[in-house]
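The data blocks that follow each hold one structure.
Shared between the two complexes below is subunit A, which has subunit B as its partner in the first and subunit C in the second.
Our next item is the complex of A and B:
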């Protein structure tokens, strides 16, 4: 990555794509309270995405606002990590994604809150409180499912195994960024290890580390997410909504 | 609260339609006043319970969960409150259909928050029904088994973005007109739930109006989208008030019990009168060639909705009945392993605590 624009855009895209995926759960959650909780988390991610996209547009200085950046870029221009674009899968996969994402976003936003860029610091200070809730929620479900029934344990372990390799990309070094993601890994490990242990789950030991999202090379899934998200906006160029 | 970051356009209802939010506030004040003046004491040992119940209702006092009430009153309330709760839950589907495609991030946030509010309304309404001695799980099962209904309006599809606006303006508008009198319902927990629901619904109604206002003042394609949505949603919205008074099966008894305060036709008229002026400000046409002011009645004459169609939709043959139910059943079935896991985990935790305590 290069400079605060790319960094800000990467964070924005993580949040935006996470919001889009979480919102897919609306009307489908395992219980009504969970429908509300997932919508809350989606709204937090969407709120952070909007702040970050708006700021990225200002940094770029080309007159793009949050909607121009969200709706008028193609998949190769998106900078989100692959983890957030993975399909929701079953509830266990969604909770694995949520838990790992929050365990990365919490130290990220906490570090951002103390960075030299005032705008990013303000966004970090707001978003870290939300991330703390996302982390609690994700961790609670990882434990419930991991240490619930035989079926839920099997599904949760499979979900952790499936999502884990995608966590490595989150910590790719970028020493020039306002916060170097590589510095966040210890905090992530410190949170994730004990939760998995308490959940009676095994931490995967896979060397496979798929990546490419930060450079715009995504999984096959992102283009479908964007096709759906952008279809109406693009069908009416220049319209106000 | 999320998603409130828009300013109302000129002419937007600055509160609920037709000053209805004022009525909600009045109902709230009345509820407080009734609580303050206190109710007569409980029935004497040899007092006729039915007469006691009637006296409390006639005095505009609230019936509370522990009070004696006629079985039919209890059954009517369970049916009505559960139907209302189910409507909130099923009603998430047609609007939820547009969250992923909302045309701006601001609209996406507002819509997601709105659909989330509906889940919240469903939860308080189920809680209000539970005060009558039935559990939420039982009520949900009655819905899934097709033994309890939800509002027929949600069996119509949302085919364009403008439908999200039309649902807000017309469907939420009709719901508010229906529900505001329920804020004065004789059953305390329902009245209190409705006060809260109506306040949020009036906000949703305004958001829908604002979507349509933006579209109606947008490109020709957006204007056409808005008009087409109003054309499709107008008559189903009128049908939300139920069959004409002569054919309404539950009305008279509910009026006597002060569950219901106005007839279906009175509420429908009120809704039509409220919409006409708002449609003019929106610049959208209500699809009724016979809509005109009647000086003598001081109300608009209008074309009745197709009640045969309403009966068809109620009986399961609307465009989306099967899909809405299949969706809810699938979500419930797909979530069963998660609910079982949560219960098993909670049981293990409780067991550990007992072991520690021992």
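Our next item is the complex of A and C:
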């Protein structure tokens, strides 16, 4: 990556795609309270995505606003990490994704709040408060399922094993960025380790580290997410309601 | 600019500005209709250009994704137009971030009266503490439990009273 535009766009796309994936749970979550919780978290992610996209558009200076960036880019132009585009899977997979993402976003936004870029600092200061709630919620479910029944433990461990390799991409070094993601890993490890231990789950040690999202090389899943998200806007350009 | 909320509304051009500020301060939150945007602490400033009469209102969202912001902007413009200020601009700022500590005492009392438990003071930076007892807004009992930390709007959690069995909303400390 290079420069504040790519950095801001990457963060925006993480939040946007995470929001879209979480919204897929609406009316389908295992209980009503959880349905509301996931919709709320999706809304927080969407809020952060809008601020970041708007700012990215200004940094680019090519006249693209948040809508142009969200609705009129193809998958190869998206810069989100692969983690957020992975299918929701069962509830345990969604919770593993939520938990790992929040454990990354909380230290990210906290560091952003102290960075030299005023706009990014303001967004970070706002979003970190919300991330703290997301992290609490994800950790609660990881512990509840991990240290629950034999079946819930089995599925939570399978989810952690499945999602874990995708966390490495989040911390790829980028020394030129306003916040170098590599510097966030210690905070992530510090949060994730004890929660997995309390959940009686084993932290994977697989060296497989799929990546490419930050360069626009995605899994086959992203294009389907975008197709659903963008179809209305593309079919009716400029529509308003 | 950010301290303008507590600044005196009277200036050289006193009457006009005071009425603009009063008009805006009276706008109710569209999702919690018992409390005004001023009491909620999201109204940051109301400034009137003495020469042009143009009013600039500065607000900040409770949560980044708060879906009520568009309605609030429209309500502010409508209130200003009704008070004789048709030329208005509503700006949104994100820094400093809104905190539940900005909800006024009067606002807290109104929330409690409407059955919404007001938030506790925000704990130390970066940490969200959920251990403080929340009193039931119906019977006042501290014997309450959280049903879900996410509720009917982004800023509320769902609680239940173990004494009187009533479910209630709690505005989350943020």
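Here, the second predicted complex is superposed on the first by the 237 of 241 C-alpha atoms of A that agree within 3 Å, B and C clash if a C-alpha of one lies under 4 Å from a C-alpha of the other, contacts with A are read in each partner's own complex, and residues count from 1 in each chain.
Following the convention adopted for this analysis, contacts are C-beta pairs under 8 Å (C-beta built on N, C-alpha and C of every residue); 3 or more make two chains touch, one makes a residue touch a chain.
Small disclaimer: the values here were computed from a predicted structure and weren't measured.
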item	value
Subunit B or subunit C, by number of subunit A residues touched	B
Which superposed partner A:12 touches (first subunit B, second subunit C, both, neither)	neither
Touching partner for A:110 - first (subunit B), second (subunit C), both, neither	second
Touching partner for A:128 - first (subunit B), second (subunit C), both, neither	second
Which of subunit B and subunit C A:33 touches, first, second, both or neither	both
First, second, both or neither for A:47, with subunit B first and subunit C second	both
Partner chain(s) touched by A:137 [first = subunit B, second = subunit C, both, neither]	second
Touched partner set for A:240, first subunit B, second subunit C, both or neither	first
Residues of subunit A contacting subunit B in one complex and subunit C in the other	33-34, 36, 39-40, 43, 46-47, 50
List of subunit C residues in touch with subunit A within their complex	61, 63-67, 93-98, 126-128, 130, 147-152, 154, 158, 172, 174
Residues of subunit A touching subunit C in the complex	33-34, 36-37, 39-41, 43-48, 50-51, 110, 118, 121-123, 125-130, 132-133, 136-137
Contacting residues of subunit A [partner subunit B, same complex]	16, 20, 23-24, 26-36, 39-40, 42-43, 46-47, 49-50, 53, 66-67, 70-71, 90-91, 143-145, 147-149, 151-152, 155, 228-229, 231-233, 236, 238-241
Residue ranges of subunit B touching subunit A (in the complex, touch as defined)	2-3, 89, 92-93, 96, 99-109, 112-113, 115-116, 119-120, 122-123, 161, 211, 214, 218-219, 221-222, 327, 330-331, 334-342, 344-345, 348
